[in-house]
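In the two assemblies presented below, chain A is common to both, partnered first by chain B and then by chain C.
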Partner chain A sequence: MPSNDLRDRVEPLEETLAPPAPVPVKRRASRRPGVWLLVALGLLLLLASTIVLPQLRLVGEAFTDDGGFSFANFIEFFTTPRFQEAILNSLVVAVVAGVLACAVAVPAAYVLAQFDLPGRNGFLTLATMATVSPPFLGAYAWVLLLGRGGILTTQLRAWGIELPFDTIIGPGGIVWVTVWATQALVFLLAYDAFRAIDPSLDEASSSVGAGPWRTRLRIVLPMAVPALVTGFYMSSMKIFTDFGTPLIIGGGTPMLPTAVYYEFLSEVSTNPAIASAGSLVMLGVACIALALQQWALRRRTYASVSSRRRPLQPVRGVKKGLMIAYLGVVFGFSFVPHLVVVGTSLLTWKAGILKWVPTFDNYVRLFDENLEVILMSLLLAGIACVLCVIVAVLVAYLTVRRRYTVISPALNVITMVPYIIPGTVLAIGLILAFGSGPLILTGTATILVLAYFIRRIPYVTKSIEAALTQVHPALEEAAMSVGAKPMRAFRQITVPLVRPAIVSGGTVGFLQMVTELSATVMLYSVPFITMTVVIFTNAMQPASPFGVASAMTVVLMLAVYIPLYFVRRKFASVTSV
Partner chain B sequence: MERGNGVAVGVEAISKEFPGHVALKGVDLEIEARSFTTLLGPSGCGKTTLLRILAGFETATSGRVTFDGRDIARMPSWKRNIGFVFQNYALWPHMSIRDNIAYGLKLRKLGKEQIAERVAESLRMVGLDGRAEAFPGQLSGGQQQRVAIARALALRPNVLLLDEPLSNLDAKMRIGMRQELLRLQREVGITAVYVTHDQEEALEMSDQVAVMHDGRIDQVGSPQAIYETPETAFVASFIGHVTLLGGVSDGAGGFRSDLPIAGALPAFDGALPTGRVQLVLRPEDLDLVDDVEHAHLRGTLVRSSYHGRGYRSALRLADGTLCEVDHRRPVAAATGEEAGIRVGAAALVPESDDYYREAAPEAESAEELVAAPAA
Partner chain C sequence: MKHGRKFAAVGIAAVSASLVLSGCSAIVGGQPSGGDDSAESGTVVVYAAHGPEVTDPIIAAFEKAYPDISVSLTASPGTGELISRVESEMKNPLGDVAWGGSSENYAAASADAFAAVELENDAATVVTDPEHKWHATDALFQAIAVNTERVTDASSYPESFEDLADPKWREAGQIAFANPRSSGTSYSLLAAMVTAHDWDFLDGFLPNAKVVDGSSQMFDGVRTGEYALGFINEDLGATWVAEGAPLELIYPSDVVSNQIGVAAVIEGAKHPKAAETFVNYLMSKEAQQLMVDEVGRRSARTDVAPPAGLPAADELKLAAPDPAVFATDKDAVLTRFDEKLASAK
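The block that comes next holds the complex of A and B.
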């Protein structure tokens, strides 16, 4: 029998058992702090100072009246009819449009995830592209089409066709625009979830005698519920905090974000304290929504280690035609704004009136005047995106896998806070926190990068979190059992397995950053001007050069769609392994 | 492959508390180097938690874990030099079979040739040479489990920990893999700790079985000892298919059953409990006789079925207990008629009527145990 001495047996892995481990006198074994705990603490510090601190300044502002603590701002806010109306409108619009977005997107995501349909990657690309479209652009384009003097309205009237409504402007218009603007978000989440479901679960269901519809409703849909809950939450919150759309298509409908915006910026009667109180009301609503979402997701972690790919079912004939037609309609409506913008960028505008004369003048003017703006937009968003992905992966891992008692929930809550902070309010907080004091960032590019990072961190984190819950913890434990330290196991096993989510989440994050408007409008300063600022200021002025605004939007889209195209190509090759 | 990697594993007073429940309540266990030990018990008994503590995936709330006498309770899993085989295989889906196996070897900074050699050797050992370039998704469940075993063994670990590794395989594969696992374990000379709820697996493969129940080890011993001289009602009822009858024992072989037993029972083996006890009757130690007058027990025949080698019949005793009996010859009595039972061997365990019922073995395993001889 060979020697029993461990040192003879431990192979090149010298640290394995070689040094006689000091036998602790204490019998109670405790987990060592470890590198992950340090990472968690560092992240907590970073996120607390950039996300929580500005909001605390906001809270201070809201509860201060005549230099002392007071509820006066809230009392005034809640007793003013225009704010009361704004609360109700915002809630109703968010829920109705969120439900409709899910109703539209989930069947589309399901048929594309389940059936072998032509143009799959085309639809997925369209969905990712749709999420890049700033909502205010949708509003702008639909008003151009269906406003009282809109292109389509006028044209139909000329042909003797009367629309059932005068103009799309109003609360209905907000719902219509936001449904098509946010459905792609739900679509992508639902699609990923449907694709990730272990195919043997459906097979098991049909093996016990369930028909296809029963399997869809009782197995596949419930398995995707976590993603659907998240999708609904994200879309309705995006609608709730949207600022550009109500401003353009609301027709004066009071909504919370616009009411707060005007209260802070209005040239007539600026009242930051009331605006802060209103912001806190929005935060309160959003906190309740977040609590509901978390509650709905509890007890719903479906871990799956199936490494088998979900097969695509063949489909033929009328069914196939109907499916493609449905996808076509869904994405058709989502892309009407894009078509309108491309079209109007190539037509002549005279004093805000469209002439049906093709021209390239809009583009010529654009490149003469605005090239640096384009480059600046890309640079700022690129830096913010890299930061965002790194932090998101770490936070997602810490909340899903490590579950430190206080730190993980704290990280989770802090990263989720920006969901509920409208860009305008975020900007107010950043101005309050970094406009004076030891660290002054206003007027720098840093504050824009910071704003983009904060605005997108919840979305990127969520998408990576969703992917992480699909990776069984055993895969990482297996790595540790063969000698990988936790960080290495994380880097070499977990990160590659969630790489699709990292790539798609990061891409979507970048696209949203480069099209960010509401915070940028308040935080930018020369020379750090972005495309969205230029587009918006053009679009909001009556009789302004709409053609140049449209051309800039086309350039903005190209500037994100081209990188998107390459990233998606790489992404596809990564996942096809 | 060099032999004799296995270390002796010691578990001393291990307790593990999770928020809301206690998974392990002071467990002691000695595992000899190069032996095959099974942790057997129903789900929720703490067997997997104990295994995960051995692996370093969980940290015990208190107690010591030793490898060859060295306390490793605070050593993280990546330093323990263990092999862990997961129930769901846990192969990394983004790596080829080769990369899955080579991963741990690369971490040990082995040379390229040495890694290639070890990968090939491991794959050969589990009969999968030629599949190195495949991805986990392209392999069957049984093949994936072989890869998982190869991945663990390629590192020549000191201990091989297996968490219900065969439970996701089909029955035939499972039975074949038992022997293969044992052969590999013997060949490599590794200490194996194997978690299962399948008593048949435990009995067939183990040098030592630790029957766990409710966070404790009820009994440790050879498969024979566990089977033939159970020390608790739980062990008796979990291993095999038993009838338990209440009674009083004097600790010296004397036993008075609550339900009258005619004539003397055969002598009991081992140390005997005193006071309230339960008589353990296994179907294969009983015989069915038509001569009711000369039987130890009598009951009404409820059912009788043929199983190839013989019959299994169930009788309802006077106190309502259902007693199962294996017998070679067909029974004369018809269903509903009275028949007699002769006891060939029996054991006594301390009475404890709270847990043996809820923890009765899963139907599947019981059926297999019955069906196996016929197959």
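The block that comes next holds the complex of A and C.
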């Protein structure tokens, strides 16, 4: 296992300052507000004007009927059968997918954290890579393989093998795609948690006579609960807000994001008031889920201050083989969309139909016209990512450490708002807010940077917040007690301590920005064309040249994985989100 | 101290980079704005709801015919998104031309979204907008598509909408039907079938149907055999048949749904003259012949023959749903559809 130089540097310091046993995190407000209060107010102003203001129309529409304030839209939303069905389906799918993602990922994370298995770093790299899947082609890839007329389905049928289902299309398909697309997030969170458990705890457990399974269930698993809660929350929320996956693989299953999307943007008939009410209902559900997650964490969070690295247990023979096989299967499934995309980028497509004729034409066509879009994507996402990390660190610090009464909760909620607003709707809000008036941003690159910043601020903030709760406040207080000003204590003590989370949160944020599609297609204008726009325009109609879209996706994957590899090498623990 | 400085430095770099980008965008992205009112030069910003298979050949021919006008193409996911983008930019329009979607979509858009202009080639098209906002660029008919691997007995193929209400399709595989809430194509199909028959026709049809989201899922679903039958735009269906897809296209004998594909000049366009030139070109005989030859889609002009293999329009019983019912009160139509769908389950 390569040395994790950051932790080596950080842990001795922690050891000297913190109490020796895991301690529940206590959060207290500093008695010296000053600079931080100004920072908080500044952030509030910034986020209110970029996130809340553009979306105010949404709130206004939701509560307006016949020109006056009314709950009529909400009543209609909750009493219309197709929305009732959509709410129910979305909740069930979210919970089932979240549970299954945990069920798949946690054993994998445990064996890799506990046992000395070959290729550990490879699996960790794969997991980080798997957190980025090809934009919207993921569900498409599974349909291509396992739809009723899919490549695998047809082949297996020809060999006389009957699958237990006719087609992957349907609610089961939504769950299936989501599980494999999100398990890596849970895996990374759980892996970090398992690695952080103080080895003296299981030693103590076995010294009083507990068997290995009892120790796992009573000691190890409970310690990983915060990671599980967060992982479950993230994967279930991902499908709860995802529009593309249900559209492609749902086979018409009514789901909340698709229903709301069409109320906003259908070509036939739209009802923005109902759509706004629906968005607010989704926001409400997300807030409740967030509150539950935080409540579960509050009761369970421990800031571990152990200086001992958890030893890896040796394992041999069949057991070792089974463990590696399990990891292989889990990550194999997660990479099916990637492999399908690579495969289809090397095959001929005619009018949207796949032909089994190998070709490089897709790449030739791609590089003929679309090379500069790679740089454009990386540049836009890079700028947005740096801004995002800076704001996220400040917001996380203010919500975890400086719990100002109204301001901190307000910041916390505002940063979560973009989580739930469909990208397209967010984009329309931005066009209305910045398309006229004092500050015109439409048609510039800035509006794309702003959209990326807004869309990913929830993720990055959450990841840094999680890391911050694990750092004992005593460290910073000690610095201040010897005379450091609050800002200096923050810069020199707190920021370096959460630097792994900054790097990993920032990396994943960056990857998600590069792959952002739904807001981009509403906001982009020539020449600010991104890779996702090229993918999308070559896959938007049933007769489109999908091969070019696949080739661009492969290039996009390379463009994000290569930097990811170097970041991982520099900061060995680019893991949890 | 080191970390703090680095942190601040990166922040400043990022902020200034984004300021530079936004500043530059006026130079890089703004293109020759203003002073571009002559018809034959400058840029035209085209928002399209068509894929490259439609836009590429026609734009290439346009740029050849008008070498001084360059086309800046921005693709939208669909007609709904395209019109939403135009509407939300109304205070400061960035696009010049909207291209793609049906005349119904454009007629239902906000009154100030599109400019009323009379163009020379309007007169040559099969239908013109009395308000001169949309301009016909193509005609789309829908056929019943049968997946011949799912339905092997050719004598059992449906010949009309009426045949699709036959209970035998409930077992033989479902009929893909996009939700008319999300698909304009399906809305036309719905209007055609309840006009040719009546609303009670749905009591027989919907139990056989599998309602999916979006036209693409309907087209793809029947091609891949996910569903045994469905409906398809004739140009796409014919292209797929030519590529060897196991499909049989049947024009229903009772009624054939159809739309007029259109383009429009955006109200307040920065390059209005170039926009008019472009839209007028889309209706020209040259562009319409490309639409027929390269895309395989029917021309909107009276003097351009349909693509080889597609029947002449006068051989078909074209639907003409009452606009007073189907254009003005779509909500009522869709609510009625929802009720029929709920009772069919």
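Worth a mention:
Keep in mind that, in the parts below, the second predicted complex is superposed on the first by the 508 of 577 C-alpha atoms of A that agree within 3 Å, B and C clash if a C-alpha of one lies under 4 Å from a C-alpha of the other, contacts with A are read in each partner's own complex, and residues count from 1 in each chain.
Everything below uses one rule, namely that contacts are C-beta pairs under 8 Å (C-beta built on N, C-alpha and C of every residue); 3 or more make two chains touch, one makes a residue touch a chain.
As the structure is a computational prediction, the values presented were derived from the model and not from experiment.
Contact with both chain B and chain C is seen for A:488 once the two complexes are overlaid on the shared chain.
Once the two complexes are overlaid on the shared chain, A:496 sits against chain B and chain C alike. Once chain A of one complex is fitted onto chain A of the other, the partner contacts of A:480 are limited to chain B, with no touch recorded for chain C. After overlaying the two complexes on the shared chain, residue contacts for A:250 are found with chain C alone; chain B is out of touch. By the touch criterion defined above, A:472 lies against chain B but remains apart from chain C after alignment on the C-alpha atoms of chain A.
The larger set of touched chain A residues comes from C, when the choice is between chain B and chain C. In the superposition on chain A, contact is made by A:148 with chain C only, not with chain B. Of the residues of chain A, those at positions 488, 492, 496 touch chain B in one of the two structures and chain C in the other. For chain A in complex with chain C, the residues that touch the partner chain are 81-82, 147-150, 167, 169, 246-248, 250-252, 258, 262, 264-271, 350-353, 379, 383, 386-387, 390, 424, 428, 431-432, 435-436, 440-446, 449, 488, 491-492, 495-496, 499, 521-522, 524-528, 533, 536-538, 540-545. Taken in their complex, chain C has these residues touching chain A: 1, 3-4, 7, 10-11, 13-15, 17-18, 21-22, 24-26, 28-31, 45, 50-54, 72-81, 83-85, 88-89, 91-92, 94, 101, 105, 108, 149, 179-184, 187, 210-214, 216-217, 219-221, 223-226, 236, 239-240, 242-245, 330-331, 334, 338, 342. Residue ranges of chain B in contact with chain A, taken from their complex: 2-5, 7, 13, 33, 55-57, 59-64, 67-68, 70-84, 86, 88-94, 103-104, 107-110, 135-137, 148, 151-152, 155-156, 158, 161. Within the complex formed with chain B, the chain A residues making contact are 1-2, 4, 6, 9-13, 15-17, 20-21, 23-24, 27-32, 305, 307-309, 472, 474-475, 477-486, 488-489, 492-493, 496-497, 577.
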